[in-house]
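After the structure tokens below, expect a handful of questions from me.
Lettered A, B and C in written order, each chain numbered from 1.
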Amino acid sequence: MKALAIEAARFSRRNTLSAIGGLVGLLIVFTAVAAPFLAPRDPLKADFRRMNKPPDAQSLLGTDQVGRDTLSRVIYGARTSLFVAFSAVILGTTVGSLWGVACGYLRGRFDLVSQRIMEIMQSFPDLILAMAISMAIGTGLPAVIFAIAITRIPFGGRVIRSVALSVREMPYVEAGRASGASALRVMTFHVLPQCIAPYLVLATTHLGVAIVIEAALGFLGVGVPPPTPTWGNMLADSITGLVPPWWLAFFPGLAITVTVLAFNLLGDGIRDTLDPRLSPAFLRMMTGGRRA
Amino acid sequence: MSEHTRDPERPSGVDRRTFLKRAGATGAGAVIASHLSIPGRAIAQDATLRPDPAAKRGGTLRYAVHNAPAHFDVHQSGTVANIGPQSPMYDTLLRRSPKDGQTIIPDLAQRWEISPDGKKYTFHLRKGVKFHDGADFTAEDVKATYDRITHPPKGVVIPRTPLFATVGDIVVVDPHKIEFRMTEARPKAYMLGAFASGWNVIVRKKTLEEHQGNLRQVMNYPGTGPFRHVSRKDKEVWIQERFPDYWNKGLPLVDKLEIYHMMPFSPELGSTFLSGKVDYARLLDPVSWRKAKEMQGVTAAAFNQSVIQAFWTNMQKNKALADPRVRRAIHLAMDRHTLVDVVKDTAPMQVGGFVYPFHEMSTPRAELEKKLGYQKDIKPAVQEARRLMKEAGYANGIKNLDFVVRDVATFKLWAVAIQAMLKEHLNIESNLRVVQVSVWFDEAAAGNFDLAISAIVSTLMDPSDIFSAWYGKDGPQNYSRWTNAPFHDLANQIERELDDNKRRAMVRKAEDMLEQDPPLIPVAYEQIYDAWYNRVHGQNPSTYFGIYDVVRWDQVWLT
Amino acid sequence: MRKYLVRRAGYAAITLLGVSLSVFVILRILPGDPLVAILGAEGHAQMKPADRARIMADLGLSDPLPVQYVRWLGDIAAGRLGKSFFRGDTVAEQILHRGPISAEIGVLALIVSWLVGLPVGILSAFKPNSMPDALARALSVTFIAIPGFWLGMLIVLALLFWFGYKAPIVIVHFWANPWQNLQIVVGPAMVLGLAQGAYIARMSRSCMLEVIGEDFVRTARAKGLREWLVVMRHALPNALLPVITISGVLLGFVLGGSVAVEQAFGVPGLGRALVTAVIERDIIVVQNLVLLYAVIFVGVNVLVDLSYAWLDPRIRYG
């Protein structure tokens, strides 16, 4: 525990901005988790006496067309949006990474076919693929998570694959193989640990992307269905009539921006720390370049 | 409303009411819908539409309306996306006069006779009428059109078919005389209203033959109307030009129509109109409309729409909802004035019951608002609702209702409000499920819902139309699958009663039955907001019913 | 080089086949009845099962799936890009009409991103950790975080509210009326371009910094050459390479992001057509448009790979 604290302190000193990002991110996560306690009102409760009120003492961020409190909805929106983003990134990156380990270690036909499949997956622009999938399997929360997760798989796959490729040549891995351990054992105990650092970098880098995709899906009307508040939904719902109430259009977008910013900064710092080599080639792969 | 006498002395050939209204609206101002006339009296046989003598000719009218229909077959359609852009190209047998949107006047039929027993309608058709492709118009075309409407071929589904359920044979007596022989008589106003419906456009017999009776994919089939097709860009604009050989010499008055595609109530429509990019906007949102009202040089109008906004309760799937007491409780728990308020910036709505609140046969507004369920103060209604729930054994409420919501801004807002009202007053808990329109109708047809909210259209304001379409046993829009034997009997009688007073009394009785055993829960009735720049003359929709009958633009002119 | 070319093209072909199969499979599972959109609510309510069967057969929706798939591929190969179920507009017409607008937005965004991102990144690398650098990095990070469609929404609202301005509603192509055309595309292009530019600024900055520390640069400096000359001649090409590569990735970001941004600005482009088609369940249109996007994406990435390979002597002469 103490060692972790020391590491964190050292990290913060060297990457102040990133640490701030991490702190903000933590705050947002905390808000999301503690939503029921922090939100002043039930986000789903309509109050017909206070419809369309601008920000005032009673509703700090105003109310919407049926009198629901915007602040509460933004807080609960954090809950949904973060839950979707975290789940999708963890699911997608994990599946992709495991797949990548298998590819990198086993090579051969499995690798070849897998590469083609991943390439096919990456041939679709993110949002379009997520849109089609989530519309195909229904528009519930799990569907959206699943759809976004699928778009993250190939990234994890390619990066971890190249890590596995290089790790596999290392002497201790060879030793493991020579001692007669099964491929599965070698992959699990020798290759996998080496992948944790890049995995972390991947996950934090893609968190922001996942949040934006989820919001875009909500904005286009094909994301998590109402009345569950998500930041994207709220933006879409705000465009009613000629000039929408500014507070409905502004705050959810601001929330998205701050959150993505925080996680991006954090991701930058983690990447700088965990991977000092930071060659452009590696960088490219992180952000999804095509050359493995 | 007064009789529609044609007074040549009065300028613009406009009837009294509209003239007074227009005189009062100088440059800026709104013309609001009024209580409408008794349909039976508003029929004028010798009143073919003539151009306004003061009218100037020429120019292009730019008009914005939903212009992205799913297909091009007007008969098979029920949406403004077809009738809006397509109707300028076609005529009907009879039509509603653009002067008031009510009076039935001759169109392709110059005169007509109805036999005393009400079972034979004879139409004398105009001579010398040409289709856009040069062909002559004859009674054969009318027969082909109406054969299709009354008895659609396999694979063709026409919403107006039930209106002509009693049409037996359609007989061509000579090329300009045609007879409709009914198996049973119906009120004259009802039948003539059916013939005058803007949906029943006359098409060529040859067109129907060439396309195996299915015009869905045919963008440009010939009509006899005042405008003909020039070009169309999907979801952007449809351009039509004046038809020089139009039978009504002197019409149309403008040279060209540019029909832009804009979604109803959308901010795009509002801002496009306000920035002057179109001359006439239909289905404006309330905020833009209020702005337009205040602009100099703009006239704004509000009129009634032939649509009910309601939600259905699935009586087959859910035991609780099958109990009329539960349904009446739900009906009473609705704070209708607040519901209208909730969407007041999104779309214009008004409170109403089971029949159009602006029909002369239905309960007048003042009386309606005294009834439970329509009052401004909902406490008495909620009290009665709770009592009913207790009596039915649901004092503790109902849980887990599946509430399917059509993905439109108004329904989404209402669903949240209704959900809140049900929970607060009756402890009924529901889960909202927003779906696209196609999925909504799937679920409704398959019965996969407990509650479902949407809007449905009728062709005529006449109660008989909606009693069969909306509330009829196995009616096409009776999504609750509601039946009530005494009601259906009464509806049958109403359909056949030819005396107006008797009929009115029966309609009231029917309304009361519906209040006690609701087939659906009415939410609101729509109003249409139109606005136009004062350089557009000749169209004032304030007395129109809906946006499907007077959409031809032949009498409109520009300065 | 030729061997590489052939191999790459072969892979691309297989990828495209896989893409088409994926698109087809995904879309056939969509729920909802397309006939409601076609017939309208009232018409659909009156439909009898026999009618429904006949209409579905007419539209080709009741054949077995493999047959539909093969027929679809054949149509595309023959250049028949299909018709919308509704209104009979051909997809080809839609692409020809709306495609140029979306393409314009994409190209303009790319130009903006290079014009803004490269100079910012290079200059930042020149004076790392200075005030302008910090500012540039702050702006980059912020632009990456702001959702494009939100920014678009706010811009449209601001223009409407403060200036009463509304962009043209009908597509006007560049060759018809350049001024109106630019009004339509500038909003989305700027929003997408600035976000891309931020990525490019960051990437080029870090690549430049890396190279600037390298030996050969130090040598050049030691030889007494002027700083900026050193940078331009030696460091810049190294920075350009990853930028070219990343542009391929960014294209995917633009293609995807353009859908939401077009919606926000109300631009009647191909992206909006796609969203509408998905919502209406206009299967042929969605299939063909998604395929188009994928083809473009794969094509551009092949080009990027080829250019990279051409620049990399090992592959060029190998």
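Assume a residue touches a chain if its C-beta (ideal position, glycine included) is under 8 Å from a C-beta of that chain, and two chains touch if they have at least 3 such contacts.
Keep in mind the model is a prediction, meaning the values are calculated, not measured.
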Contact counts by the stated rule: is the higher one at A-B or A-C? A-C
Most widely separated chain from chain C, with each centre as the mean of CA atoms: B
How many angstrom between the C-alpha centroids of chain C and chain B? 43
When the centre of a chain is set as the mean of its C-alpha atoms, what distance in Å lies between chain A and chain B? 48
Based only on mean CA positions, could you tell me how far chain A sits from chain C in angstrom? 21
Find every residue in chain B that makes contact with two or more other chains and list them. 271, 274
Residues within chain A bordering two or more other chains: 221, 239, 242-244
Enumerate the residues of chain C that touch no fewer than two other chains. 31, 160, 279
Chain B partner contacts - residues on chain A that touch it in the complex: 44-46, 48, 51-52, 65-66, 68, 139, 221, 225-227, 237, 239-244
Give every residue of chain A touching chain C within the complex, in rising order. 116-117, 119-120, 122-128, 131-133, 135-138, 208, 212, 215-216, 219-222, 235, 239, 242-244, 246, 249-250, 253, 256-258, 260-261, 264-265, 268, 278-280, 283-284, 287-291
If you look only at chain B, which of its residues touch chain C in the complex? 68-72, 76-79, 82, 154-159, 161, 214, 216-219, 233-237, 260, 262, 268, 271-272, 274-275, 277, 435-442, 445, 454, 456-457, 476-477
In the complex with chain B, residue positions of chain C that touch it: 31-47, 50-51, 54-55, 58, 83-89, 93-94, 97, 160, 164-166, 168-171, 266, 268, 273, 276, 279-281
Can you list the chain B residues touching chain A in their complex? 265, 267, 270-271, 274, 285-288, 291, 335, 338, 341-343, 345-346, 405, 407, 409, 412-413, 415-417, 419-420, 432-434
